[in-house]
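Provided herewith is a single structure, encoded as structure tokens, for subsequent inquiry.
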Amino acid sequence: MANENKANKQPMPALTAADFEPVNINERESEVIKRESLTAWRDTWERLRSNKVAMSGLMALVLIILASIFAPMISYWVHGYDYQTNDLLATNQPPSSLHWFGTDDLGRDMFVRTWSGARISLIVGVAAALIDLLIGVIYGGIMGYFGGRVDTIMNKFSEILYAIPYLLVTILLLVVFEPSLGTIILALTITGWINMSWIVRGEIMKLKNREYVLASRSMGAGTGRLLFRHLLPNASGPIIVTLTLSVPSAIFAESFLSFLGLGVQAPISSLGSMVENALTGWMYYPWRMLFPAVLISVIMLAFNLLGDGLRDALDPSLKNK
Amino acid sequence: MARYITSKLIYTLLSLFILITATFFLMKAIPGDPFMSEKEIPAAIRARLDAQYGLDKPILTQYVNYLGNIVQGDLGISMKKLNQEVSSIVGQTFGVSLRLGLIAVVVSIIVGVTLGLMAALYHRKFIDSAVMIIAVIGIAVPSFVLASLLQYSLGLKAGIFPITGLRTPLGYVLPVIALSAGPIAYIARLTRSSMLEVLHADYIKTAKAKGLKWPAILWKHVIRNGILPVVTYVGPMTANIITGSVVVERIFGIGGIGKVFVESISNRDYTMIMGITLFYGIILMAARFITDIVYVLVDPRIKLTSGKEG
Amino acid sequence: MKKKSWMLLLTLVLVIGTVLAGCGSANETNTDSAATAPGTTDNGNASEPAATDANLAADQTLSLNLTAEPPTLDPAQAQDSQSNTALRFMYEGLATIDAEGNPVPGAAESWDVSEDGLTYTFKMREGATWSNGDPVTANDFVYAWQRVLNPETVPAPVYAYQLYYIEGAEAYNTGETTDFSTVGVKAVDEKTLEVKLTNPTPYFLGLTSFYTLYPVHQSTVEGNNAWATKPESMVVNGPFTMTSWTSGSEMGWTKNENYWDADNIKLSNITATIVNSGATETAKYQGGEIDYAGAPTGEIPTDQIQPLSQQLADEFKLTNIASTYYYEFNTEVEPFNNEKIRKAFAMSIDRQSLIDNVTKASQTPAYGFVPTSIAGLNGQSFRDMHPDSEYFKEDAAQAKQLLEEGMKEEGYTTLPPITLLYNTSENHQKLALAVADMWKKNLGVEIQTRNEEWSVFLESRKTGNFQIARAGWSADYNDPMTYMDMFVSGGGNNNTGYADPAYDKLIEEAYKGGNDLEKRMQDMADAEKLLIQENMVIMPVYYYTQASLTKPYLKGVTTDFSGAIDFTRAYLEEH
């Protein structure tokens, strides 16, 4: 650089190559990313945090989780109630200062039962939904990405699985394994993931011929990179929506199983099975249905709000909008 | 196209075969049989029943016999509903579920897509929130709760609709609402999410820049592209709804196939279970097949592939 | 080749499906016209002049609900209460049971019983005809009973053993002989039926009103396996003929004008919807869609029993029926192989409290096995003659002590884990939880409860894969024997592993006891004492009641000892 400066001072009649100098650009400076460097997850989190509606959903979920852990304990300390001890002299009591949510048909405190039920429902719903997500995304991704014969065969397999009478599978599972939360979750996920895989397959089929995918492929990106960096993030909208909806459907599927006697074993109960139990007499004992049903709805609402926020935060096409 | 359909058909028949096989052995693996009751049947009578229904033979023989029969189009006779043909019961009850289900499917699609589209077009405005609240309620209220609330309030208390049955057009209203509430919510959300994505895509901007009229853009680009996830969902959903909802059929006293299916499973009515499973399999696969075709029609970028890379 | 047949199959299935879907809708239209009738009743639209009796409603259409579709309408094949209700509309046995529970002439005009109680001679009713006008003859009964017993009948009639009281019936049914003339049923002539029994059976007349013993119309039945599945092919001898049947939805009957007592049948039509939901059924009842709700045709949910019994006090009814709810111990596994531990469990629950607070239908606490509504002798019930209160008493303190003694005998420091098994149902679940809670409070033992799907449950119980399990037993006929012969060693329904020669001997003697009916009853009471007081093989909980709602304008409905209901003489008053 010093040489070039010197040359500049000499008078020259005609322009030569030496007359040109590159604009003085501090390359390091221009490449500096002013915005704080964020990982993809951090980025998502930042955007999610700015979404008040989604955050209120998240807060509600956190509160419900805390309540489902601690409310039964507190109630036990204060009143000595637990979720299973009967009080046959106080059956079907309306809410009072003694029993905040009333009592059920065996005189059990509904406050304790509602929160312990929420705990069971959340465990079942979230575990089942996450397993569905994992299997569904991988399976659906492979189907959609490879297409052709792979797709046809995998697709047919999922169709067969979907068409096998689900009740038979569940009955068999419960005979083979002891009835427990794990068995219920297994029963729920055995076909639960199929819907997710179909959604993912559809999305990937749609996206895989897009220009940016072709570009990435022509630049030598491998299958993994294409799938995980390009295709799946762009399909995240429908995936997240399906995920947030599969939590409620798992919770309801569980209550349908209890309806048929294949759900969690009494006296443990889930919100769904409590609602189901209260159903025949709700016109006379509304509180037995109201509290668990409202709590289910709040959980659903919270998941949906959070899901919407996540969708917006994750979707690369909506970045900086 | 012809080749595509032929190959699909072969795959479908193969799948049905696997489905029948898997279900047959699954059914035999679970405890119980059609002739169990609280009161034990005397051994001699029991042995005769087994022989008459071929249940005394080894399972493999039973399986081969069953396959032989269905290849000849014979679904057999129900083991619990005595002397009634499986095909006749399936026909009668499916007719009922189909009529109710198709109405519910049409209602779900029209209402769901409309709501979802409105929410997307008015993103983050009042309509958007209103639609999403409706959608959440639709999902958050279990169908058995919704059905019995509707039945009690509009059926018994208000007396507007019949409490049970499909005898009059009015009788369809409550079951259709109960059946389609969930799907409406689901479709609305899928539509909204997918439409939002499309609305932000560059080709929409291009189309706008080209000066295309908004309704044309909406129809040719937005809806056509945004409807794909809905199409994926609608296929299996249709198969689900027309094959009968146990809960709705039970509460509204509808003699549909869903109720019969659950009954035949708890009765271990082997021939009925197999017959209905086969029937469900055909419907499901037909629905998926139609879904794939609709995909192609809706999105020209997807090509049909007939077994090889396309 | 294979492809072809598969395609053929697919096509066939689709075609069959479509065709039958078509048939289905056609059938339903038939039902429509019948089903709209009750609507006009509700509006009190009496455009037609009322019948002879001024008090009768113009439209005599009875609307019911059945919780399940009767699996069959072939009397030989029926086994359940829904089929029973429906078959009663259509058939009549030799005797029928009146409101007091006594056998009265039905298809038979009169009968004679021989001195030794073994030979019954029935005189057929003059003028009794089938719905197509053919006379009902003794041969129709012989044919029907032979059909039930014939090993060639497809499917094998399960209740054939209800005819084993007849001489030679069991041997013929099990194939020991193929000669039907060895069976003690004979048509002496068109109008005379002679029946010979193996042992004197005091309740045989009552049995002739049971559906397995109904007559069937020979030329209809022969050569048509599906005769009992279609309304048009059922020729019947009872007060009503079937006119419509939409699978899984509805059934309808119309008065049979050819019935001998048609003048006393007031109902013109009966329609029954098939809805398997107690809450829906009570809603239908309150909304006026049906005239009768609850057992035995349907169900009133436990949660609604108390409120409904107050709201609709005049329409609500609880009836004692011949069924017992009990828990059975598996006497072959720990810890219930110990008699003291069994007794401790049986004594440490408060049955009255369970009834008042959990089941809520005013059942009778049970300390024995034979329910209160089973007849004994001379108009007394068996329970009046042999009260169950002596068998054992509820006593938590003594129970606790028995438990400790039992544990010492077995060398336990703590009880092995115990699971109470029940089949899936809201009511069984509630009771199981409440009982387990009482055991926990009174005995200090933690009991797991476990529910299983019905068939799985039956299999578990049958194979002895349980420690203590829920059970229920309902009477087949009005005699303690229908209960007491259950626990003989190796009996088909004895899942407890209980085998006691003394018990077997008492039952044997009661069977063959001749005409000394006092002793027969005493033998059965002694057997019950062995079963419960001595060994506590089962732990009785309560004798069932059934809850029902009857519209105030529906009269003439009768219920028998077992809870079976008879609508055939019912009528609707102006309302």
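Per-chain numbering from 1; labels A, B and C assigned in written order.
What we mean here is this: a contact is a pair of C-beta atoms (placed from the backbone, for glycine too) under 8 Å apart; a residue touches a chain by one contact, two chains touch by 3 or more.
From a predicted model like this one, the values you see are computed outputs, not experimental measurements.
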Centrality ranking, top chain (CA atoms only): B
Farthest chain relative to chain A (centres taken as mean CA coordinates): C
Pair of chains joined by the greatest number of C-beta pairs in contact: B-C
Rounded Å distance between chain A and chain B, as computed from the means of their C-alpha atoms: 24
Between chain B and chain C, centroid-to-centroid distance (C-alpha), Å: 37
Chain centre separation (chain A, chain C; CA means) in Å: 51
Residue numbers of chain C (touch at least two other chains): 279, 453, 456
Shared interface positions of chain B, touching two or more other chains: 30-31, 148, 152
Contacts with two or more other chains, residues of chain A listed in rising order: 171, 175, 260, 279
Contacting residues of chain B [partner chain A, same complex]: 11-12, 14-15, 18-19, 22-23, 26-27, 29-31, 132, 135-137, 139-145, 148, 152, 186, 189-190, 193-194, 196-197, 200-201, 228-229, 231-233, 236, 247, 261-262, 265, 273, 277, 280-281, 284-285, 288, 295, 299, 301-302, 305, 307-310
Residues of chain A touching chain C in the complex: 84-86, 88-89, 91, 105-107, 171, 174-175, 179, 260-262, 265-267, 277-281, 284-285
Residues of chain B that touch chain C when the two form their complex: 9-10, 13, 16-17, 30-33, 35-45, 48-49, 52-53, 70-71, 73, 75, 80-85, 87-96, 98-99, 148, 151-152, 155-156, 159, 162-165, 167, 250-256, 259-260, 263, 266-268, 278-279, 282
Contact footprint of chain B on chain C as seen in their complex: 3, 5-10, 12-14, 16-25, 27-28, 31-32, 35-36, 65, 68-69, 71-72, 74, 77, 79, 151, 154-158, 160-161, 173-175, 225-226, 228-229, 246-250, 273-277, 279-280, 283-284, 286-287, 289, 453-456, 458-460, 462, 471-473, 492-493
Sites on chain C touched by chain A in the complex: 278-279, 301-304, 307, 353-354, 356-358, 423-426, 429-430, 432-434, 437, 449-453, 456
